[in-house]
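My structure is below; once you've seen it, I'll send some questions.
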Amino acid sequence: MNAFKLWYHKLGSPPYFYVFAGYIQPWLWTIALALAAAGLYGGLVLAPPDYQQGDAFRIIFVHVPAAWMSLFVYGVMAVSAFIAVVWRPKMAEVLAMESASIGAAFTLIALVTGSLWGRPTWGTYWTWDARLTSELVLLFIYLGVIGLYHAFEDPRQGARAASFLAVVGAVNLPIVHYSVVWWNTLHQGTTVRYFGPSSIAPSMLWPLLAMTIAAKFYYGASLMGRARVSLLSLERGKDWVAEIVRKEPAHG
Amino acid sequence: MKFSDASAQPMIEARALAFERRDERIFGPLDFTLVAGSIGLIEGDNGSGKTTLLRVLAGLLRPTAGDVRVLGAAPGSEDARAAAASMGHLLGLKGDLSALENLRIGIGLYGCKAGADPHAMLERVGLEGYAEEPVRTLSAGQKKRTALARLALLPARLWLLDEPYANLDRHGIAVVNALLAAHADAGGAALVTSHGAVRFHQDVSCTIRLPA
Amino acid sequence: MKFSDASAQPMIEARALAFERRDERIFGPLDFTLVAGSIGLIEGDNGSGKTTLLRVLAGLLRPTAGDVRVLGAAPGSEDARAAAASMGHLLGLKGDLSALENLRIGIGLYGCKAGADPHAMLERVGLEGYAEEPVRTLSAGQKKRTALARLALLPARLWLLDEPYANLDRHGIAVVNALLAAHADAGGAALVTSHGAVRFHQDVSCTIRLPA
Amino acid sequence: MSAVGLADGFRAMLQRDLLLAWRRRGDALLPVLYAVIVATLFPFALGPEHALLARISGGVVLVTVLLAMLLSLDAVFRGDLDDGALEQMVLSPQPLALLVAARLLAYWLVTALPLIVVAPLLAYMLGLERAAQPVLLLALLLATALLALIGTVLTALTVGTRRSGMLLALMLLPLAVPIVIFAAGAVGAAQQGLPWVAPVAWLAAALALALVLAPLACATALRIALDS
Amino acid sequence: MSAVGLADGFRAMLQRDLLLAWRRRGDALLPVLYAVIVATLFPFALGPEHALLARISGGVVLVTVLLAMLLSLDAVFRGDLDDGALEQMVLSPQPLALLVAARLLAYWLVTALPLIVVAPLLAYMLGLERAAQPVLLLALLLATALLALIGTVLTALTVGTRRSGMLLALMLLPLAVPIVIFAAGAVGAAQQGLPWVAPVAWLAAALALALVLAPLACATALRIALDS
Amino acid sequence: MDKFLAMGGYADFVWPAYAVFFLVLAADVLATVLRRRRVLRELRGRIARRSARQRGSVSA
């Protein structure tokens, strides 16, 4: 408990976090790139074509990690947004707001790769299916949070307002998901089912896992980079920032 | 009466109060105390932060440094809000409602000083005959007078007034001064901004100068 | 220079000018002449019709009786509009644009006085360093100064100013007076409203008193 | 000095808003007219095929009514912000949530109620079955109240910003989707003669929750938004 | 003193409006988002039945785009009226019709163009046939311009009144119906593989007329509206 | 190699999907780098202005 408190207070202090993030960032990058390289090789070269879908299934190695990340990042964002609303530490605001942009990027990827995958498998880029629709709604929530953040002139005020929205949106997310499921069963739609995850062979599974973990590490790396910049701009009156700016090479 | 014991209670106490926006200093650090029965003047040039200071005291903005108490409570807390009333550059009047209706709304939200009457107050600020006119059709000075009448009806003990003299003619200025004097005599306190162009008639107990 | 022949040309001539709304007399009948190189003062209490008179002269309202000419043309006609510029209670600035951008728009619509420069003018009214700020973040007095700077850039020979002193500090008032003096010296004319609370520094050639 | 009671503040706000709406009663009719326009334009845009129109009538009326409400949502606090009345509300000794609740009630009465009154007529014009009409009315009642409650919270969040309009729409969409799904689900079920109680019950439950939480959330959001 | 040319005033106004739109680019996106929302909500309200959605897709997109424009029509002169800029325009030596034309062009560029860009995507999501897409685009181009021209004249007329919103909607409806009929007629014909040139030609003719007359009418209407 | 690029006839879908994945993430990284540069430039300007002001007020 005490160790946790110490850690919390240390990481909650912007100058300390800045240094810490700068320290772990290269490690995160290295792991992410290595895993991605392995996953790509395994997914694009080693794995045999699917007996039903041919080579189209290879989209899975980008689609599924992105889709999972879109939800995972939202979770992280919602937790730190909640902390930001209740206790107002600056670090929680920063992490929530920077997560939103990354999450939106993953959601966009999931949507686009999904619809690119849908064309060969379902015969259409878009259909009003439950999962597709709720992913679209998720993108709107992310965009709402980002938009609200930037709409305020004072970034801390914007962060507080947007965090509030992120928390409210988190409540909404399961509601959207299930309502969309029920909605589809209410009317008899022309929904196409996904193929079951059980049919995944080990030769496909390990590249998928590699890509998924790579995406998580990418998220960490990108978040650290973003948080560092955000801290510099938020704390621009403070001496530690002046110190860092003085040390930084002229166009870093 | 102004220097009786009961009224020497501090209405506002500010210690090292400062405000910065995006870490540019707007005003401060300021130290001052405003006691009951007295009138304070905030003087400063255009853009020196008078409006911002009043908004901090009202609790609309959070000071970035220092400490301030309004009747012992934090600005913007329920106790402080019950004790203070303010008038800003924007008067908060509804143009589509009549002057009288606007006063009634103010009373509904803030309550009414014992024995005060909206009709009589409109007459006192020189708006006889305008009680039923929509505020939108009043002239700039008449709107200001309506806002003053609303202020004077409320039970608030502390007034925060941003340029109460602007847009008023000589009679209007006299009205403001009379209202202020009566308020102080009754044990209230007021903080008034001014850039010194209009002569302030009254003995002012404290002057807060904001450098440009 | 003010009394040279060329500048004695009449800028505004009003004969039995009156305005009523819903057949209530707001002002008038008024007779006055404002010649080039001079400054006229419209004095009156709150609600006496000063703003209304200026709007009639600008051509926004149509007089209900009498006759008025602005540089020989009817108010609001193309010739009159080319010669006059006005500043009212509402300043007509765009809050989302910077002070400089607002000046540029004014120049685009009205043209620019020969040799006038927006940057220099902003400095002259005391807004160095605020040229790039969005007008919405300026203080009340700074907004007013921006509007004054815009006015002084235009080639208009006749200025119609509604309470130019309101919200300004001492330095701001001096700026207005300096701008007025320069304008009159260059052969222009101005009509300024006031309720007499602020001392008007200058020799005023004609005073129009509106009874309350 | 007479202290002011809680009921006073609520009553004063409600009275004020109703009075204002009455003074500008033309504006209050705008959403209704808007809904009428949409419902009128649809047959022109789709061709007067009766079966098709009847099939989509419930959904069209629902979407139209909710969008007409959206139209005026942006203005819930706009006027009060522009003329300084919102500050007066925030600074008054009354609990802000209470004043907001009054504002909300007035908003619903002025905007949604006329829409609900006119909706059956529109549905009839588009050919909705008689049997589904009561369900439509019920669904509208719940859905408009829910939308008003959720919408004002979001409006409050954007009150201090420059780009309120877009943001509002952006933030509201995800929250409006479930409302539309349940409301349309109920109407659709009624149209086909299926049981429609379940989706209505869900809406009612959500409404009960929102009635308690929304004014509080709204007050919080207003304070966040004004603090600049 | 350097006199100011006609082109200067037009350019200054256009620049100003585009700059303002850019500063508040969030707001400019509002109609687009609004259209996206409507198009997203429709499947929820009607059910995801592909054939039905495709059948009504053209009409829905058309009505949605035009309504999204209506949404912002009320604001064309509102801001300038509130902060006194409209008075400055009226009092400037420039011909008012010219300034109004610049205002109008900016309005169309900012509001309608993004809508037209996004419309094909919406139509695709709702399942409109590939073949009808160009016709939809053409119809939208003409219809939005026409609506903008007619709408601003009416907006100008109502600018000084208290009940502008309602009046606007009331007056615009009879004028919008023919536009929708012709535009939807063209799209519908294209969807069924029939010739669609005639309705488009009618729209184009009306547009040519409106281009000349609308700025003049608008300037006159503004003068009338301000004189109170 | 050609066979690999053809993706069994699904090249039109597979490669754009991968391209989107990497381009969007690259854009995310690039945005951060650019923002970092801008922030540092601004900070340098601020610091220069502030020290100039301090020097000015000392000499005055």
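For the reader, a short list of remarks on this structure follows.
Letters A, B, C, D, E and F mark the chains in the order given here, with residues in each chain numbered from 1 onward.
Operating definition for what follows: a contact is a pair of C-beta atoms (placed from the backbone, for glycine too) under 8 Å apart; a residue touches a chain by one contact, two chains touch by 3 or more.
All values derive from a computational prediction rather than experimental measurement.
Hopping across touching chains, the smallest step count from chain D to chain F is 2. The chain with its C-alpha centre at the largest distance from the centre of chain A is C.
Among all pairs of chains, D-E has the largest number of C-beta pairs in contact. Greatest centre-to-centre distance from chain D is found for C, with centres as Cα means. Averaging Cα coordinates per chain places chain A and chain B 50 Å apart.
Centres computed as Cα averages put chain C at a distance of 50 Å from chain F.
Here the CA centre of chain E is 37 Å from the CA centre of chain F. In chain F, no position touches at least two other chains.
Counting partners per residue, chain D has 23-24, 82, 162-164, 166-167, 170, 173, 177, 181, 188, 227-228 as the residues that reach two or more other chains.
Among all residues of chain C, those that touch two or more other chains are 89, 96. Residues of chain F touching chain A in their complex: 4, 7-10, 13-14, 16-18, 20-21, 24-25, 27-29, 31-32, 35-37, 39-40, 42-44, 46-47. Across the complex, chain E meets chain A through its residues 26, 40, 43-44, 47-50, 53, 124-125. Taken together, the chain E residues at the contact with chain C in this complex read 1-4, 8-9, 11-13, 15-16, 19-20, 23-24, 82-85, 87-95, 99, 226-228. Residues of chain C that touch chain B in their complex: 44-47, 51, 89, 126, 138-142, 144-145, 163, 165-173, 195-198. Within the complex, the chain C residues that touch chain E are 58-62, 76, 78, 81-82, 84-86, 88-97, 101, 104-114, 134, 155.
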